[in-house]
Structures are given as structure tokens and as C-alpha cells.
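To start, I am sharing the structure in question, which I have written as C-alpha cells.
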Amino acid sequence: MTFDEGQGYVVLATLVLPLAAALILIFTPGSQKMAVRYISAVTGAILAALSIYIFVAYQVDGPEAQMNLNWAWVENVAFLGPGGISLRLAVDGISALMALLTGVVAFAGALASWKIEYRNKDFYILYWILLAGVYGTFFAYDLFFFFFFYELAVMPLYLLIGVWGSTRKEYGAAKLTLMLVGGSVLIWIGIFATFHQAGIGTFDLPSLWAAGQDGTISATAQKVIFPLMVVGCGVLAALWPFHTWSPDGHMSAPTAVSMVHAGVLMKLGAFGIIRLGIQLLPEGAAFWMPALMVLGTIGAVYGATAALTQRDFKLISGYSSVSHMGYVLMGLATMNTIGITGAVLQMFSHGVMTALVFLMIGALYDQAHTRDMKEFGGLGRVMPLWVIFYAIAGLANVGLPGFSGFTAEFHIFVGTFRTYPVFGALAIFAAALAAAYMLRMFATVFFGPLNPHWKDLKDLTPLERLSGAMLIASIVIMGVWWAPFTERVGHTVTLLPGVTG
Amino acid sequence: MVPLENYLALSAIVFALGVYGVLARRNAVMILMSVELMLNAVNINFVAFAAYLDPGRIVGAIFAVFIITVAAAEVGLALAIVIRLFRNRATANVDEAATMKW
Amino acid sequence: MSFYDQWSAILIAAIAGFILVFTALIATRILAPFARERAKGISYECGMLPIGRNWAQVHVRYYLIAIVFLLFDVETVFIFPWAITYLSLAEFIFWQMILFIAILSLGLVYAWKRGVLEWK
Amino acid sequence: MRDYALFIPEYIACGVALLVIALELFAPRLRKDLLAYLTALGAVAWFAAGLAFLDRDPKSYQGLFISDDFTAFFRLLAAGIVFVVALMSAEFLKRQRGVDQGEFYGLLLVAGSAMTIMAGATELLTAYLALEVLSFSLYVLVGILKRDLRSNEASLKYILLGAFSSALFLYGLSLVYGAAGTTSYAGIAEAFAGRDSGLDPAVAVGMMLILAGVGFKVSAAPFHMWAPDAYEGAPLPITAFLSTLSKAAGFALILRLFSTAFVTDAESWRWAFLALAAVTMTVGNLIAIQQKNLKRLVAYSSIGQVGYMLISIAALGYGDAQVGLNATSGLLVHLVGYIVTTLALFSALTAAVSRTGSEEIAGLRGLAETQPFLALVITASLFSFAGLPFFAGFATKLFMLQGATTDETIWIVALAVLNSFISLYYYLMVIRQMYLFDPLGEAVRFRVQPVLWGLAAILLLGILFIGMYPGPAFEFSEQAAKPLFESASAAASARVQAP
Amino acid sequence: MMLFADPLFGLPSWIDAIIRIVIVVLVMTVFVIYSTYGERKLVARFQQRLGPMRTGPWGLWQGFADAIKLVGKEDIRPKNADRWVFELAPYATFIPVLLTLMVLPFAENWGVRNLALGVFFVFAVLGLNIVGILMAGLGSGNKYALLGAVRAAAQMISYEIPLVVSLLCVVMITGADTGNGVGTLNLNTIAALQEDRPYIVLQPLAFLIFFTAMLSELHRAPFDIPVAESEIVGGYFVEYSGIRWSMFQLTEYASMWGFAVFGSVVFLGGWAWPFGVDSHWALQLATTFTKALAIVVVIIWIRTTVPRLRIDQLMNFSWKVLLELSFLQLIVNGIILYYDWPQELLALTSAVGAGFLIFLIIRHASARSTKGLLGTYRTLGASSS
């Protein structure tokens, strides 16, 4: 076993571990609620450790795809070509960063769900299945498995939100699930079309990428297929105008699901655009990217504007997510190194930041049972730590230097200005709006007179502090010392087809 | 000899009558009789083809005999079901047997 | 005598039968008295006025018998060709028909045991 | 010489069928579920005997029936279905009165044997007779609840429409016979290949009628009207039987008939199948949305599934043996996945309905609370139907559509994918009842009968296994599909070499 | 004596057919008229009476007088009747019977037509008779008529299977007799094959079954429950009067003669036995007539001596006794003939079976217990429960 193969098993472990946890939980008696929690916490910790390991072990001077694993899954299938379908996993710079994000958020989410009493076993089972799907999507180097894990990640959401959610949960869950699956239908059609157009009889992604770049997949076909892929993934990435599930879904979802969903799952969409759009269909990308830029900018401005008018914490965060994902799409649409790097960094940054926000909202909601901003005030006196944590998240959100948001947004703005200066200006306008809605919320909630009704609110529990601290650490590290992040991402981004310096 | 076309035309007419009966009638027994008409059209076809196109071999005739048998069994079964329905509900009209959507 | 000569005679016979009955009916039209009267049109039930609907409901056992008959009658269709040619056929075809009859008899036994043949 | 040994597995099945009937007749005081277990045992023996016929050289019985891997595949499938349905019925029939159980189980086995013959028939009369034996068994089984008005009605509608469709089918057969002068599949192919002119209108009409007839058997729209009623009126295990065995048998017949006998005129019938597929899947899924009754829902959803499968049949007519092979093996593997999923769904539903007594969707309210295992199995099956990953439906549907994709069919594959998206909506409506609502009345956990529990568990594992590791199922299906095309390609090459 | 094998006097075949048919119809009418007279006379003798004596010497013109009377009676159609069904029923009952007469060989090649499928034709056509009876019952709009028709139909179809199978037993023997291994359904040939011995010798059981079934098909006592005056006032033709009623009477007697000739051809050697196939045609005609007359007389004789069976008794007798015995006979015949065992064995086994059947019938007269399967057999299948 070479070193590289051994690392392949680490990658595999990130898939197997959550599934194994789910399997163990199935056979755990439902009444043993504490056992369930411990199992989940341990799983989350190991996952986080594995993710950090993958991130650290990624060699910036190494080959494009590292930590390969290639297991034949279906062989001797005539129409699938000689190779059939194989479980091919690998890590590149982008997925290394995404893995790190997933590990951190997953662990934090597992801890944040400690308080769930109602059928927590079932909750955790679905939670871990979801995470297995997320990891799988990030690591899959096979088109079939990419889609397999993508669907796997979307599937448990319905029940997670429908059963454990709040506020119009059925509506939110159904809307979210149907829109996301609708998106994946487009992807599926796109996959069929790609496979058929490539005509090389394999689902192996690198081979297909090569086919996309050397013109085996004709330019016309690419231009037809690209919208399918991008809109399909874009639904999950809250691409305007397919974002409408996002505020409703987030409002209904339980804390941990919001964290994972806004933090990680939405990134799957953007990640899919890189994998299936830019890498697979470069001709299509070149043709359609301006349109994506327009949509991304609309999303960014629209999200920020809408957030400005909301009173519900979760809705604010939901629209702010739309806005931030708009930045990501803008970054991708620039098609230059710095813009795309910024987009990937923004994916990470938004992931940890929004996870932190939802964690804090959950901590408040569990006690207050309301999320109406106007009912609060002066919380700094009763929940100082909560306020600090929330403030850090908010500042990162705004893009204050020293926090991850700055690093990411800076890259994006630079990239955008290089190609589309007008949109760059609009993006900065949106950032200003973000500052407005954040400060408005700070002013209302943190300061001012304390509503006596809330004087008994307790501050963060130790578990919440732990998970919050972890997320803050990620935010700060990236804001301060971004070199490890940028070089890993840049290593891969420079190799993307059609990307200009 | 009568030309083959005449047999085929006869069979087509009988078949069409049967189809019309199945579609237009609402009484289960009438529908069954219409189906029998269709099956007899098939028999005419088979026997005519066997006599004209396939001399010396009798596959068509054998087919016809089997169709007759199967049709008899089918009618037997269907009548048994009609009787059972009739005993439970006292109707043989398909329209009135509409506990479920038709 | 050809096939058509033989069967046309059967057709002529059918027509002859029709004519026979028809002439008899015409004869009675001419010869018999004809006086329409309301009471004559009433169904005959031994001189009493008819009770209830003029269609009696027939017991279900008649239908059962009809169904059983239908099956047996059609099966004899298969025995006919066999009974004519069995001597010149291979041994296993002979035994196949015996087997066929045996299966048929199983059906009869089943119906018997189920009480289809009981006339209660 | 005649090779009676080819039918040994069917002798076993029919022997057990007779035994079961006789047992009930002559030992009326016997415990009735013993009959079910005896049937299941018979199915196991049948399966075991069927295994011996795998991997053999094709062997023909008098040109009427061929024993090859394709036949063996369907034989094993039939045995498996009968096994599961028999066990399911053991529990279900305990609460039904006035059911002649010997007949019930006997007919299950007979119908299964008929399916084998349908798969192996290489001659029209044999195929027709097998089809009728299967249909007759199903007519009786649907109406087996003598005192249940719905069951009677379902049976009546089924038999009336069934008789009508077999008359259409037969008229088609007679026209084909007239054109080809023979009833053997190979002979028809030869006769059609050897003619000078194009497609005879009579043959075209004949093929369309045949298509209508078999379309009815697999309940393809617009010949699907019987399916919802028959499904709703039939006892639950028979609904499972209908939606698995009768469909599989129909496809077995279609595959063999169209891939061997009518292959010459593929150009002509391909479009009919494409249209049929498009209409079927759309109608099935759209109407399913409005359903309140579980069985009707399953009926329409299975109509939708048939629509997907018909795409493969259309691809069969692409005229290329390789495409045909791909499409067929995709169809077979999807059939396996579909059958396992359906059986899992129904064993769970049987258990749930036996407790709640309601066959409405709303009757499943709060099942996750009262019986989480059943809720899990039902959810898994529905997700598998919808084609979500992890479950059989994902992999098998993908293989099937992939195998059927050609330049001309890509639009219909897209339609199929869109349809499976629609189907997810109504599956979610069922899942919503189980997970999102509280049970009516008090939420007491209830126990599932051990047999049903075991069945559901094993089938659930089956769904997961096929979903996560479809390799073996796929190889098996491909092996089964090969015999259909070997002879065709051999004949094609022979034709080319002839001067 | 091949005069009748071809068209008479070389005429076109359809003219030849008309001539033959007219002869048969005329002779049939005379026979029917005289057999009603004969039956009344015979029954009277059995009952120590004189019977009709007034019309002509010994009442010989009685039948003609009746016929004239019937033509002169009013023809009534009840208000409730379904017009077309009611009107067409006499046609539907009479024509099939007439058609059966078309294929019977009265002497060598003396008949209207000599069909290769004679036996099959007789059954195919006789089955239609039931339709006429049902039409009469349904169309009359009368409960008794309906009941009678349904009973008649049930009885006729029940006895049809033993009837067919018993004849198939004979057909199987013809296969051995023709010498080429292929049997025949041609009635003329069947008669000729019995030159040496009539098939009743080889197949007494089959004949017994045939005879019983025949009685039932004819609604003759003791199987006359469908037309029982004392129960259902005459059965399916209760609403028919005058000439229409007489059409049913005509049908009944014509079919009685038809069956008698048919039975004599198939079982009693027809025109061929005992005088051989080369005897003079007049002798052949006389032979056939004598045998048929014997059967008719026996039918009438049975009518006067045996009491009427209940419907359950006669249905059970058919389904539970005759059907089994006929199939048994078929199988035994098959085995013996296929393996070329001596024909004496046929006679022996069949005689044993016939003995068993007669034993059952005799036991029935004195039996008390009707319980269980054995009881069923003991009482001729008449379960009274």
C-alpha cells in the first residue's frame, strides 16, 4: 500500500463513519437518549479530526487529485464501458477546504443538537446519513457517485425539517425538498445527456473532463447541457430566482439542520457548478457565465435588501445566505483565478459564519421561543457571551477585516472588477447593505433597555460555547492567516479549464 | 372457391361489431357476449388463413380450437363472478357496480 | 359429392324447416278463429291471476351447473380428434389424453367435494 | 425426443399447487396457515430446481418453449414472488372469512408457473395459453374475498377488460399468422425478413393490436383503466402479486416476442412504444397525485413505473443488437429492483393495515410513532420508487434509462426523470402522514407479526443491497438478457452471408 | 346398391337435396302422427284400456283428426310475452331436430347426406335445441314456463356429456375396425362396420348410458320433470297453444325417432346387422326401422312403468354416476384397444360396468339410506338432504 492509497482510506472513512454511526444508532434503543448523544458527539469529533487531517495533509505542490481511492462498483456492464462504474474518491484543493468546513460544522451541529429530546435517535440517524452524502459529493470523482451522494444529502432533509422543525415546518420542508429534487432532476437529465454525448462509455469524472475540454463533447451540446447543470445545482446554491426555498426552509429547520444546511449543503450547489459546469463543460461555461454573473449579482443585492426588511432572526440569516451565495456565484462567474478562489473561500467563510449565526439563534429560541427581533433588546446584559459570539458572526458577515468574510469578499470583488466592473460596484453596494442590516439588528437586540420579560434568559451552555468557539476559531484563522487556504484552493483553481489568470 | 378476402372482411366486420358491443353495452353479460363475438372473428381469421395459406398444416385450426376452449373457460369464470356480484348486490350492470370509480 | 354439395343440403334443410313451421303458422292464421280479448293475454298460472312479477328469479345452482357443463363440454372437443386417431399415434400421446381426462376428473372431484353438484 | 425434464421446476410448482388444494379439500380442519407455509416451501423447492437451469445451453421443447437463461431468470423471479406473497397472505388471510385458501395458494403457484412459460414461449399459441392461465388465476385471486363487494367488482371489471384485451391480442396474432404462415417466433422473423415489400398494413394493424393486448397486461396507459380498480378491490397480498408478477410476466412476453419475432419491423413499432411510454408515465404519475387510497396510489405509481420500463422496449427496436441488449438488461435489473421494492412495501402495508384496518393514506397517520420499523420500510420503498440513492430504485432506474438512451430517446428519458420528480411529491404525501402527524387515538406501540416483520426486514435489506451494490443483480440481468440477442445476431450474420 | 351415393338421376345437387328433404319431412310427419296414436294405444294397453277407438277403424284416423283440430285452434300470444323470442322459439326448437335427420343413414347410403363428421354434427346441432327451449321459456313471460325451460336446459346439458362420451367409446372401437388405425365419425361407415356384431355387444355399458341420456334429452319419463303437468303445468310451452304447441309436439316425436334411428345405427348395427352389407335395400330399411321401433316401444314402455324422478335425483344421477362411468369406459376402451388386447375383453369389462349400473338402479328402488358417498351410490346418486 502506497502512502497515497492509505490516505484514500482516510477519505473513505469520512463516508463510512457517518453511515456506520447511523447503523449503530439504528440498533441503539430509542430510550437511551444519552448514549445516542455520546455516540454522535464522538462521531462528530472523529469526523472533524479526519477533515482537519485531510486539509492539512493536502500537498499544495502535489498532483491535482490526491488521496485517490478507486473501487470497482459495477463491472462487466456493456453499456457502461469497460470500466463500468467505480467508487472513485479523490481530494483536490477545493474539496479539501470543503471537507474542513464540513468537519467543523458537522461536529458543531452534533453538539448543538444535544438538547433535542423528541426521538433524538431518529434525528441523528438522518443527520449522519445527510453528512455521508455531503462528504461523498465533495470527494466523488465519478459522475454517478457524485449524483448518488448529492441526492443522498438532499433526501433526509424532508424528515429532518418536517419532524423536528418549527414555524410552518411542513410547508417549508415540502417546498425545500421539492425544489431541491427538482433541481437534481435537471442534473440527472444533464448527466444522461453528458454521458451520451461524450460517448466514451464511462462515468469517470477526469475522463469526462478531458472529453469536455478536448471537444469530444461538442460545443453545441455543452451549451445545451450547461444550463441544466447550473440551474440544477443553482437551486441548492440559492441561485436567484430559485432561492425561494431558502428563507422558508431555514425558518422551519431545527438548529443543527440550519447549520448544516446553510453552512454546508448550499455549498454543494456551488461546488456542483464548479465540478459539473466549469470543469466538465468549459465551452458552455464560457458561453453562459455572463448570465450567471447577472443572476448572482441580483441574488446578492436582492438578498441583502430583503434581509433589511425582515424581523425574524432566521429570515434575516436566510436572506443573508442568499446574498452571500450570490457573491459565490459572482465569483465563479468571473472565470478568473482570483474570483473563483474568492468564491471558494466565501463558501468556507459563509459556511462557518452562518453556522455560528444559526447556532446562536437556536440558543436564543430554545429559551425564548420567539425569533422576532422587535421583542428583544438589551440582551447584552443577560447573555454577554451570546452577544459576543453573535457579534463576531455578524462582523464576519459584513466582511470586516480580520475575519474570514473579508478575505473571501476581497478576492471576489477584485476578481469581479477585473472582468465586470459594473457588477463589482453593485457587489460593494450589497456589502454595504449587509452592514446596514447587521448593525440594525445589533442595535435593536444587543443594546437598549432590557425587556423585563427576558431577564431570566440564561447564557450559552458549555456545549454551545464549545461548538461556537470552534466555528469562531475557523473564522478568525482564515481572516488572519489565509495563506494555507488560498494556496490550496488556488492550486486547483489555476488548473481549471478556461480560467484566466 | 370463395376468395380469402371475403373471409377476412367477414371477420373484420364481426370483430368491429364485437368491439362496438364492448364499448357501448353496460351489462356485463352483454359485454361478455360481445367479447365472444370478437373471439369468433379471430377464429374465422385463423381457420381461413390455415385453409388458404398454410395447406397441409393445421396450426391455425388448432389455434382456433384452443381459443374456443379458453373462451368457454373465460365465460364460465366471468359468469361465476357476475353471479357472485349479483348475489351480493343484485345487479349485472357494470355501471351500477360502482363502489369504486370506474 | 363435394364439400359444398354436402353442406348446401344442410342449409336447404334449415330453410325447409323454417318454411314448414311458417306454413303451419300461416295455415292457422287462415283457418283458426281470431278473437282478441284481454283475459286471453294474461299469463296462465293454473287459472289464478298471476302474482308478482312475471319473471321468477332462477336459483343460482342452475348457473353453476351451466358453468361446469361448459367446461366439460368444451373439453370433449379435445377428446374427439384423439378418439379418432389415437391408434395411429405415439404411445405418449395416448397417455397424455388419459392424463388430461384424469386432470379433468380432478376438477370434477373438486367441484363435487365443494358441493357444486349437490342439488339442495 | 421430447425433453420433459425442462419443466421439472414447474412440475414441482404445480404439484404443490394440487397438493395444497387437495389438502384443504380433504382435511378441512387443518390450520390454514400451514397451507401458506407449504406453498412457500414449494416455492423454495421450485426456486432451487430453477437454479439448476441457470447457465445451461438453450434447449428447446418442440419449438414451443425454450429453456435458456432468460426463462430461468423469470422462473426464479416468479418463485421468489410466490414465496413472499404466500407468507404475506398467511397473516392477511387469518382475518378474512369465506376465502378458499387452498385455491388461493394453489392459484399463486399456477400463476407463477404460467409466468415461466410466458417467458420461455417461442410460439404464439403457447404464449397465448400461458397468458390466459396467468390471467385466469389473477381474475380469481382478485375476487377471492367472496363477500366483499369491492373485491367482486374489481374481479368483474378485471375480467371484462381482460377478456376484451385478449381478444384484441388474438386478432393481432391471427393477422400476424396470416402474414407469416407460421406461429413460431423464429418462423415469423424469417418470413418477415424474407419478404420483398415493406410493412404490410395488415401486419402493422396486427402488431398494434398485439401491443394493445400486452399493454393491457402490463397496464400501460391508455389500457390501464382496470388497474386501479383491481388493485383497490383485491386483497392486499394479491395487489402485491398483481403489481409484480403480472407486470413481470407481461414484460417477459413482450421482450421475447418483440426482440425475436418482430425484430425486422422494429422501425415501425418503436414509435408506438415511445408514445405509449410517454403517455403511460405521465398519466400514471399525474393521476397518482390525486389519490386518497393507498392501493390506488400504488396502482397509479406502478403505471408510472411501467412507463419508464416501456422506454427500454422502444430502445429494443433501435435495430442494434447491442442497444437492445443494453436496454433489455437495464429493464430486467429495474424489474428486479421494482419487484423487491414493491414486495417490501406491501409486506409493511399488510402489517400496518392489519392493525389500523384502513387502506386510506390517512390511515397511516403517525405510523412512525406507533411502529417505526414499518414506517421505515414504507419510506424506504417509496424513496426507492422515486429513485433516490441508497435504495434499489436509484441504481436500477439509472441503469435502465442509461441502457435505453439513444439519440432519439433522450427526450423521453428527460420526461421520465421529470416524472420521477412528480412521483416524489405524492410519495412525500404518504411519508408526511407517517412522520409529521400524530396518530389518531392513543399512540400505543404495536407489535408486528414475526413473519411479516422478517419479510419486511429481509426485503428492506434487499432494497439497500441492490441500491448500494447493484453489480450482482446487473450481471445476472445481463446474463439473462443475452440469449434473446445471441440468436438474433447469429441470424443476422447468417443473412448477410447468404447470397 | 350405390344408387344413392350420388345425386338422384344425375340432377344438380341442390335439386337432389330438395327431393330428399321433402321425402324425409313427409315420412317424418306421418311417423309423428302415427306415433302419437301408437303411444296412446300402447299406453292404453299397458293400463288395461282400449285407447282411441272412435275415429276410423281402431281409431286409426285419430292422429289426423288431432292435427286438423290443432290447425283450427286460436293462436294466442300472452301480453307479457317477449314478442320476437316467443315467436321464434318454435323455429329454434324444430329446425335443429330436422337437421339431425339429414345425416342419418336409413339404409346403405339412404339418407339426405352422408357427412364425414356425422356423429359430431348430430351433437353440434342438437345442442341448439336447448336454445329454442330457453327461448320459449324466457319469451313466454310466465313463471312456470321459465322454470320448466331452466330445468329442461339444466337436465339436457347434464346428460349431454355422458351421451357424447358414450358415443366416443364407440368411435374408438371403429378405429380398430377400419383397419387403418383411424376411427370414423361417419354414421354410414359406423353402421357398415357392425356387419358381424352390433356394438351393443361390445359396449353394453355405453349403450345403457346412451339410452338413459337419450331419455333425458327427450324429456321422457322418468326424466320428464321439465314438462311435468302436475308440477309446472306443462313446462316451457305452457303459454303456447294450437299450432305452435303442436310444433313442440312435432319436435319431440321427431327427435324421439331421430334418436331411435341414431341409436340403432351406432349401437344396434343399423342396416348392416344381421343381414350384412350386401342385403337388399328394402331389407336394410326394414332392419333399421325395426330396431328404431324397438327403441321407441321401450321408451314408451318405460314411461308407463317407472315413476318420475325428482330433479335432484336426476341431476345427481348424471353428474355423479353416469359421467364417471362413461369416462371410465372411455379409458378402459382406450387401454384395451391401444395395446391390441382381444375385443372379448371389451365386452367383458363393459358388461361388468353395465351390471354395476343396473345393480345401482335396482338398489335404488329399495334403498333407504341416502347419507354419504356410499349412500349416494346406493341410492343412484339421489341425495335427499
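For reference, chains read A, B, C, D and E in written order, and residue numbers begin at 1 within each chain.
Here is the rule we use: contacts are C-beta pairs under 8 Å (C-beta built on N, C-alpha and C of every residue); 3 or more make two chains touch, one makes a residue touch a chain.
Protein names from UniProt, one per chain: A = NADH-quinone oxidoreductase subunit M; B = NADH-quinone oxidoreductase subunit K; C = NADH-quinone oxidoreductase subunit A; D = NADH-quinone oxidoreductase subunit N; E = NADH-quinone oxidoreductase subunit H.
These numbers were taken from a predicted model, which means no experiment stands behind them.
**Q** Looking at the contacts, which chains touch chain D and chain E alike?
**A** A chain counts here if it touches both chain D and chain E, which gives C.
**Q** Taking the mean of each chain's Cα atoms, which chain ends up nearest the overall Cα mean?
**A** Ranked by how close its C-alpha centre lies to the overall one, first comes D.
**Q** Could you find the two chains linked by the most C-beta contact pairs?
**A** C-E
**Q** Of all the other chains, whose mean CA position lies farthest from chain B?
**A** Centroid comparison gives A as the farthest chain from chain B.
**Q** Chain B to chain E: how many Å between their CA centres?
**A** 32
**Q** Go ahead and note the Å separation of the Cα centroids belonging to chain C and chain E.
**A** Using C-alpha averages as centres, the distance is 14 Å.
**Q** Per the centroid of Cα atoms for each chain, what is the distance between chain B and chain C, given in Å?
**A** 19
**Q** For chain B versus chain D, what separation do you get between their C-alpha means, in angstrom?
**A** 26
**Q** Quick check: what residues of chain D touch more than one other chain, meaning two or more?
**A** Residues of chain D never touch two or more of the other chains.
**Q** Enumerate the residues of chain E that touch no fewer than two other chains.
**A** none
**Q** Could you list the positions in chain C whose residues touch two or more of the other chains?
**A** In chain C, 66, 73 touch at least two other chains.
**Q** Answer with line, ring, star, complete or other to describe the graph linking chains that touch.
**A** It is other, because the touches fit no line, ring, star or complete pattern.
**Q** What pairs of chains are touching here?
**A** A-D, B-C, B-D, C-D, C-E
**Q** Which residues of chain C touch chain B once you look at their complex with the stated criterion?
**A** Interface residues on chain C, with respect to chain B: 60, 63-64, 66-67, 70-71, 73-75, 77-78.
**Q** With touch defined as at the start, can you tell me which chain B residues reach chain D in the complex?
**A** Residues 8, 11, 15, 18, 22, 28, 31-32, 35, 38-39, 41-42, 45-46, 49, 53-54, 59-60, 62-63, 66-67, 70, 73-74, 77-78, 81-82, 84-85, 88-89, 94, 97-102.
**Q** Residues of chain D touching chain C in their complex?
**A** Interface residues on chain D, with respect to chain C: 2, 18, 21, 25-26.
**Q** Quick check: in the complex, which residue numbers of chain D touch chain B?
**A** 124-125, 128-129, 132, 136, 139-140, 143, 146-147, 149-150, 152-157, 159-160, 163-164, 166-168, 170-171, 173-175, 177-178, 181-183, 225, 228-229, 232-233
**Q** Okay, in this complex, where on chain E does chain C touch?
**A** Where chain E meets chain C, its residues are 5-7, 13-14, 17-18, 20-22, 25, 70-80, 90-91, 94-95, 98-99, 102, 112-115, 120, 140-144, 146-147, 150, 153-154, 157-158, 160-161, 164-165, 168, 171-172, 175-176, 180-185, 233, 238-239, 242-244, 246-247, 311-312, 315-316, 319-320, 323-324, 327, 330-331, 334-335, 337-338, 383, 385.
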